[in-house]
Amino acid sequence: MTDTTQTERTEARASVLSSALAALPRPALLLAVLIVLLCALVIAFGPVRALQATVNGFVAGSYTGLGAIGLTLVLGVLKLVNFAHGDLLVTGAYFTILFAWLGLPLPLAMLTAMLATAALALATEKIIWQPLRLAKAGSLQLFLSAIGLGLVLRFTVQFFAGSQVRTLGANVVTSIAIGPLRLGTLQALALVVGISAMVIVGLVLRFTSIGKEMRAFADNRALAEVSGIDTQHIINVTWIASGFLAALSGILYATAIGSFNPNFGITLLLSLFAATVLGGIGNPYGALVGGLVIGLSQEWSTLLFNARWKPAVGFALLILMLMFMPQGIFGRAKRRS
Amino acid sequence: MSADAILEVADAVKDFDGLRAVDGASFHVERGSITALIGPNGAGKTTMFDLLSGFARLNTGTIRFAGRSIGGMAPHRIARLGLVRTFQLTRVLAGMSVMDNMLLAAPSQPGEHLPSLILGPRRARAAEARSRADAQALLETFGLRDKARDYAGALSGGQRKLLEIARALMTQPSLVLLDEPMAGVNPTLGRAILDHIAALREQRGTTFLFVEHDMDVVMSRADRVIVMAQGRVISAGTPAQVRADPAVVEAYLGSASPETTA
Amino acid sequence: MSGQVLTVAGLVAGYVPQVDILNGVAITVAKDEIVTVVGPNGAGKSTLLKALVGLVTPKSGRIALEDKDIAGLAPSTIVRQGLGYVPQRENVFETMPVEENLEIGLKPRRDLPLRLRLEAMYALFPRLRERRRQMAGSLSGGERQMLAMARALMPQPKVLLLDEPTAGLAPRFVDLMFEQVATINRSGVTILMVEQNATRALAMSHRGYVLDLGRNAYEGEGPALARDPKVADLYLGGLHG
Amino acid sequence: MSIDFWINVGVLAGIYGIFTLGLQLNAGFTGLLNFGQAGFMAIGAYTVGILVVDRGWSLWLALPAGIVLAVLAGLFVGIASLRLRSDHFAIATIAFAEIVRYTLQNAAFSGGNQGVLGFDAEWRAVSDWMLPWLATIGLGAYTQLPLFIVVWLAFVALLLMMKGLQATPWGRVLRGIREDEDATAALGKDVFAYKLQSLALAAALAAVAGFFVALNVTYLYPTVFDPTFTFFGYALLVLGGFASYGGVALGSVLFWTLLEGTRLIETSLSAGQQASLRFIIVGVFLLLISRLRPQGLLGNVNEMRVRP
Amino acid sequence: QGAGAEPLDLKIGALLESTGPLSELGPPAEKAINLSATVANKAAKDAGVEAKVTIVSADSQGDPQAALSATRTLVDKGASCIMGPSTTPESISVLNGITMQRKITLWPLASSTRLRTVKDDGTIYRPVPADDLQSKALVKAIENHVGKGKAVAIIFRNEPYGDALSKSFTTDWQAEGGTISSTISFDPQQESFDSEAGQAVDTNPDAYVVIDYPETYAKLGAALVRTGKFDAKKVFVADALSFAKVPDNIPPEALEGAYGVAGGSPTGTDAFKAFNKLWDEAGGVANASYTANSFDAAILCFLSAVEAGSTEPGAIRDKIRSVTKDGAPQFTIETLADAVKTAATGKEIDYVGVSGAFRFKDNGDPSSSLYDVFQYQGGKQVKIEQVNVK
């Protein structure tokens, strides 16, 4: 008896708190928390160090976030844990090398590489994913195929290009000075492209007809089909977009980081997934915000701990955030009955 | 409140981001009765079931079941107390056979706990045999005998509903909440099931609270009827009383009162 | 055969290769008819509708929509030829707001003005207008059913397949739904409907079929079929009143 | 190629098999996407290493201690994150495993970057005791054979145990949770407690696998326990078949035969290209197998189809 | 014994990180070992000695477990010595698992002192100096070019190599009265290192010690330059960043003017130049760190086999000290044919490698205490001085 009333009382208290918090939309809440943290860091470490770490966090976050947009699309729309997504990034970067080597000027080589990667992504749909879908393969089965595809992509690249480190030759040492703060020129580019890509994809999903169809497909395939949506078209578009975005981020990554080998995709993959899930699967804003949160937490942590703990701190924060925002940043609760 | 109430709800309130789905509802259910909960679509009936079964948390108000306050209790604990529900949008365990769906619901299977499983495998097997017989009988009643070995995910819409009800009864509950048990069920089979429910009430004293839109069923089978509209209880009483209540006619029955359909 | 909007003959279909759920079903629906299919749970009624709309691929048999063979076509193609379908389960896009659900419904007919169609649907089901911004997944059972119906009506289909349209609806909406079905029918939409609320459905239908074990069991004029004592006893829960 | 080589493949198959039994219990039978299995393995293995080397414990005492610690870690992770949605749980467990790995790499108690060495003397004694005995049947030359035997004895025993457990009402509750945890809770099952048990048991299995990894490589080093281990585990799980313990054994043997057997392909390519080709072939095989048998070798195709 | 009895068909196993997290190390190591076979075969032919070297290679994947499998395939293919692997964990598992039992010499490029704590039965020979010597050379170099007792920032890649070397450097530097202004270790899997770079320059040290691989230094170096407060002339790199020519993925600004140390005092020798010429002529991947060491190790194995007149691993192992004999006639890569001729007669020789002279201690570590201090000038390694450490 007593313990029931006890739970009820704590229940009540918890609900007052949580309803106060729930009144704020979660992204706003998150923003508030981040700003408070930033202020604390500014007080503790001075504005220059704290703000520089913040700038660095944005850069790291934009690499991850941009890479995650294509991933979140495929995961959200096609329910496919694309373990090969990192390797699509790699393919994009190496296609650029290939086309530049064939004589195209670099910008043109990059554009061609993005188109080629999009075409490749579409080809994987025809060769691999479509048959599996028809066989009603479950998500873990798709995961296995994605592992296989990832191996094929990565090592095909390595077969032809070798595993030694490559560069696209961009100047990675110039930086923009904002007062005492420094931001690499190409890093700034990555940041801008990352945010633009997110906004564009977000707007397309939200407002355009194809975007709505994609969301409908993501929600319920059979119903989308009987609502007259050409589902195969949706799938194709999703792959093309995902391949294009993957190549875009792979190329940007290769350019801004300056050196890479065929492993960079697989190394990046875990953070891509983390950003995707944290932000809410299928949500491009979520992917970028998720990436930024991870980036910020890692870079901020270097103010407090030795940088060797940076990845661990990032992961620890990820767990904490998931515990406090069980729906993710942009996710929604589902009705249980 | 009535001394013989198995369930008492007082001033229950439930909000969903700005929308008040249950708005201070109070009612009680008498032990051993068959009570119908009716009301227009969106009245908050399913939400009320969610609150009763622990799937949603009350904002304010109290719920007492068999003398205990169960507001805020976890669903499994409420179920173990003997209050079991079915879902309006059916939730069968798709990747398990129909029989396994039933056996899972069997009450007090010692084999479900590792220590007793390891210490007394015999008892687990005996309980299993008993449950299997019970399940078989229920499936027979619910027209699912031939489907026992099929995956529940391969059932038709109505069959899912039937399995859901049978599974709830399998737990040998003292109070069953049925959310639109007859929707989608073939009327002939539906009658047999209603007969079975009536028999269970007679034999075991099981209490039933069910949401139903089929007024023939409500009027002919329920001892008491509770009417909800816009999150509140607007009327409660015998079928005849409720049917005569102008508020009910206005809010719910409309032209569809049984007189006009029969 | 002319005049038949929908012709199904010798239809055999199932979900897995080894098991046939439909064993040679034959039905016809003439233009402007309301035809109701009733039968026990698991008889294959939903499967029949799924086969018509292309979600289940027939193994053999003929399905024709106005003399065009549509067996084996993709659902989206079939739907664009003027077939509307309301599934029995999972019939709304749960993660999308009500209004977007309706918007998606209009896909097969890009020529119709969205605004007008939305207004028409909201006029039909005012409850949906109130809930237009709510996620469909959090609707109540009855609201959901209304949305499912409205979504299918958006593109003004020639033929409407309804799988238990009144399940879960409050009596007043059951009436409304049946009225709507009649109205829609009068406006030139042919209707094939599966109902467990069989007595009433048959009463308003031109013709009816009883399906059992994947086969035609009985057929006849709607009200007459409902009055047939054998049918009533075996399938309709006995005669009321 | 030589028997030694294949014995090694067998050892790996056995180790990954034990490891994946836990994943199968979690993912295949409870619906828990545990991607932190490598973390539990690391905890088990490092506990043994540290207790033996730093504390002077006997290996035989340290082994159960390793299991206990892994189970405690499983309970801890479970309590912290089992209430999360499945995709969040997957990411949270990966994060946990990575935290474990980085801690082991950066902390002092675990030898940090220099790892732990010299915990296996007692095992070597056993192995050396077995070798002459093996020599009597003409197998004395294979120094890895004792490990192979022990690994597979353990694997088969654990596999039978898990299979047996799964066939009980206890296992049925787990499957209920896999299908729909709310519906299972509505029937009175304490979903959380069962998930915890599932996770803790998987952690114990991971610890056992970790012991054998340690004995096989004779050295404890953090990157051995990186997430790739878990990904491989899932790969062979799916290869063998979802929700099938027999599939784990078959999948593991097939996977490792494939992965290591491709080393034997001889070409005139450069070493780098040869190595790439090997993984291309592995990748193509994985794609082919999942295309030809999407339910996995021993998976149930009907069960796969009824899932929404 | 020795000469002419039977033609020698020597198989040298190359345990390469062809795939996996360290796969950038694979191609240069592979090329170095292949070059050694070409050079050795030519020398044998010129010397008229019937000996042939073939390279058999396997992929260690940078992983102790995979390294075991890879080594087994090398053994099956008849390898008598094994070149590589690059990391301590791989080396230990391969040593304990295989090479020790079979008495096959293992030539790991790992420089961690941890390897010394393993009982290796005399099968380990390291063609690279262990960390404790190198750290002393770094101390000397900094003292010579920056001064004693100054503040040094250490930046290292968080791996056994960086970890161990940074520790011994810290001890050695502090023993000489110097201070460490900051020690920054970074995880190689990260994409950006701007915070790490910022921390390093923020302490405004007199010198930086950078213990890193080229692949990560390309990123870290760029980040250092981006801070705008970085002076590459203050940098002292450890041997993993020692190359004849700065690779083109490393921004020039990150290394121009930087100092470094190279064990065995190789830079500037004729052999070193000859090797680099050979490398460039062969085409393919650019030269990298440790290629000379891999090359030398393979040549040593070959010479030992010639000396032993056998490809039996145990026999080769016993002859390694006879081909690196102090006081015996010295030969280099340019006079390799003569070395083969002499060795074939069973006489002791002293092969002075591209990476310097070899003196192996009992534990198989090089005992050479000579180090070159070099500086990168115009993207090229230029020898500045030689230091002797004890």
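Descriptive notes on the structure:
As written, the chains take the letters A, B, C, D and E, and residue 1 is the first residue of each chain.
The rule we apply is simple: contacts are C-beta pairs under 8 Å (C-beta built on N, C-alpha and C of every residue); 3 or more make two chains touch, one makes a residue touch a chain.
All figures in this text were calculated on a predicted structure; none of them were measured in a lab.
When chain centres are set by their Cα atoms, the one at the greatest distance from chain C is E. The chain pair with more C-beta contacts between its two chains, of A-C and B-D, is B-D. With centres defined by CA atoms alone, the chain at the far end from chain B is E. A straight line joining the Cα centres of chain C and chain E is 76 Å long.
Taking each chain's centre as the mean of its C-alpha atoms, chain A lies 44 Å from chain B. Separating the centre of chain D from that of chain E, both taken as means of CA atoms, is a distance of 36 Å.
Centre-to-centre separation of chain B and chain C, using mean CA positions: 28 Å. Counting partners per residue, chain D has 102, 105-106, 182, 272, 276, 278-279, 302, 305, 307 as the residues that reach two or more other chains. Annotation for chain E: residues 18-19, 21, 26-27, 158, 187 touch two or more other chains. Among all residues of chain C, those that touch two or more other chains are 15, 138. Interface residues of chain E, counted against chain A in their complex, comprise 18-21, 23-24, 26-28, 158, 183-187, 189-192, 194-196, 198-199, 202, 214-215, 218-219, 222-223, 225-228, 247-251, 253-254, 285-286. The part of chain C that touches chain B in the complex is made up of residues 15, 39-43, 45-47, 88-89, 127, 134, 138-143, 145-146, 163-164, 167-175, 196-200, 233-238, 240-241. Residues 49, 52-53, 55-56, 59-60, 63-64, 155, 158, 162-167, 169, 171-175, 177, 182, 184, 187, 253, 257-259, 261-263, 267-268, 298-299, 302, 306-308, 310-311 of chain A touch chain E in their complex.
Of all the residues in chain D, the ones that touch chain A in their complex are 27, 80-81, 83-85, 87-88, 90-92, 94-96, 98-99, 102-103, 105-106, 182, 227, 231, 234-235, 237-239, 242, 272-273, 276-280, 282-287, 290-291, 294-296, 304-305, 307. The touching residues of chain D, when paired with chain B in their complex, are 168-170, 172-173, 175-176, 178-180, 182-191, 197, 243, 302-303, 306-308.
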